[in-house]
Amino acid sequence: MGIRHEIRVRYGEVDLQGVVFNAHYLAYCDDAADTWFRSLAWDPARSGWDVMVKKAVIEWHGPAGLGDVLAIDVDVTRWGTTSFDVGFTGAVGQRAVFGATLTYVGVGYGTAVPAPVPASFKAATATLSP
Amino acid sequence: MGIRHEIRVRYGEVDLQGVVFNAHYLAYCDDAADTWFRSLAWDPARSGWDVMVKKAVIEWHGPAGLGDVLAIDVDVTRWGTTSFDVGFTGAVGQRAVFGATLTYVGVGYGTAVPAPVPASFKAATATLSP
Amino acid sequence: MGIRHEIRVRYGEVDLQGVVFNAHYLAYCDDAADTWFRSLAWDPARSGWDVMVKKAVIEWHGPAGLGDVLAIDVDVTRWGTTSFDVGFTGAVGQRAVFGATLTYVGVGYGTAVPAPVPASFKAATATLSP
Amino acid sequence: MGIRHEIRVRYGEVDLQGVVFNAHYLAYCDDAADTWFRSLAWDPARSGWDVMVKKAVIEWHGPAGLGDVLAIDVDVTRWGTTSFDVGFTGAVGQRAVFGATLTYVGVGYGTAVPAPVPASFKAATATLSP
């Protein structure tokens, strides 16, 4: 089960066209993912297992601008052996703004060596309420 | 034909893990694309035709860090009727760092109404030397 | 009377040294100031009077890092004829993190021509409760 | 003697008002300072002496916008016992854009404990040509 994370657009994130500059959406997703990871109370150092972003796909359906609050729903959409996908759906009120999928690869803590997703990590994600 | 655009990583773009924070890569691509658009000498206001980012796909092959200079190659990889894809390949020296594809949609200048890619725009991109 | 604005530090805002990168503090102040301006319900376009940042002074007393929530107190600290100062005090819990003063210059809306601070603007700021 | 560092404004750094968002100027100064420190070939880890930003004062004289290249001159403007000031002067062509002073405090490497500026550090800065 996932979570909902809200982000209020900041003035400096809006560009000349009056909309949030595209790169900030990845920062928003990262912030939502970070909040999700924290809510799992997963400790990379203690468990010896951490994650790295491998791939990101993001598609925009409409703009967000100054004064908007983006509600971002976060949930796992695929479990692999050493990787998993997290889906993000962003909306302002009832209006869809973007959808994104980030692929994370599990690694040994402090390394770039792939390591299988621990069963306890998967179990932790299952206990979240949206 | 495309262009090569170089970006020197700034200290503030490097995160706790010692690598460039993922969202900055979209800003790097935007900066490379902006440079590419300028090299075309295309004037959205005069021509009445502008572009919007619709989708971004980015995959990382390795990290970039403090002191690195990213060489980003930019070129069109697909032409559609009202949209086109621009491919980005980023490397530090001979080491591949990332690949990305951004999908741009043509719109009437100052609007969000899709408009076909002008033949003159395609022609302009063909004259660039890498 | 001023307001209090809270900002939760994002992962991508923390640098290699494990602390919020210094430039983000100006973005935090801007976000706090923007929230303060909105709370005044001041409409630059309708009133014909807007502001520009002229000067910023910021001093750090200690670091903020990942997971911290910065509470920023915002209030006017000086009224001039065509300019005024806004003071910002940032803390994490009881621990002081920074103090800043931004000098804003009043200008005709859409211009860079200095214009006196309207009495109605000053009056609006007096009605805020902290 | 100082150095000159050039920064080309990126699209995503320009805000709704068509000018570089104020917080980016501190990032520009940091990038210029980082380039200056590197040119000194000072190794904080080996020497055991590092610096932290304590204070920043920045004043704007005019805007920078899309397509502008900021030339930033960097030089030490004050030497104290455990701190020193670095001055930054930014211009687009002959037009002054901003001036800034950052105060750095010397610390033991990896600590926040103040430590006197080494004579060898001061000597290194004296050898730079502008």
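We just call them A, B, C and D in the order they show up, numbering each chain from 1.
What we mean here is this: a residue touches a chain if its C-beta (ideal position, glycine included) is under 8 Å from a C-beta of that chain, and two chains touch if they have at least 3 such contacts.
The structure displayed is predicted, hence computed values, not measured ones.
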Hey, what angle do you get rotating chain A onto chain D on C-alpha, to the nearest 5 degrees? 180
Quick one: point me to the chain whose Cα centre is farthest from that of chain B. C
For the pairs A-B and B-C, output the one whose chains share more C-beta pairs in contact. A-B
Hey, how far is the Cα centre of chain A from the one of chain D, in Å? 34
Nearest whole angstrom, what separates the Cα centre of chain B from the Cα centre of chain D? 29
Taking each chain's centre as its mean C-alpha position, how far apart are chain A and chain B in Å? 23
Report the inter-chain centroid distance for chain B and chain C in whole angstrom, where each centroid is the mean of the CA atoms. 34
Could you pull out the residues of chain A that touch at least 2 other chains? 11-12, 21-23, 27, 30
Determine the shape of the graph in which chains are vertices and touching pairs are edges (line, ring, star, complete, other). complete
For a test of understanding, state which residues of chain A touch chain C in their complex under the given definition. 10-12, 27, 30-31, 34, 38, 67
Across the complex, what residues on chain D touch chain A? 11-12, 14-16, 18, 21-23, 66
Taking the complex as given, what residues does chain C use to touch chain D? 21-27, 30, 53-60
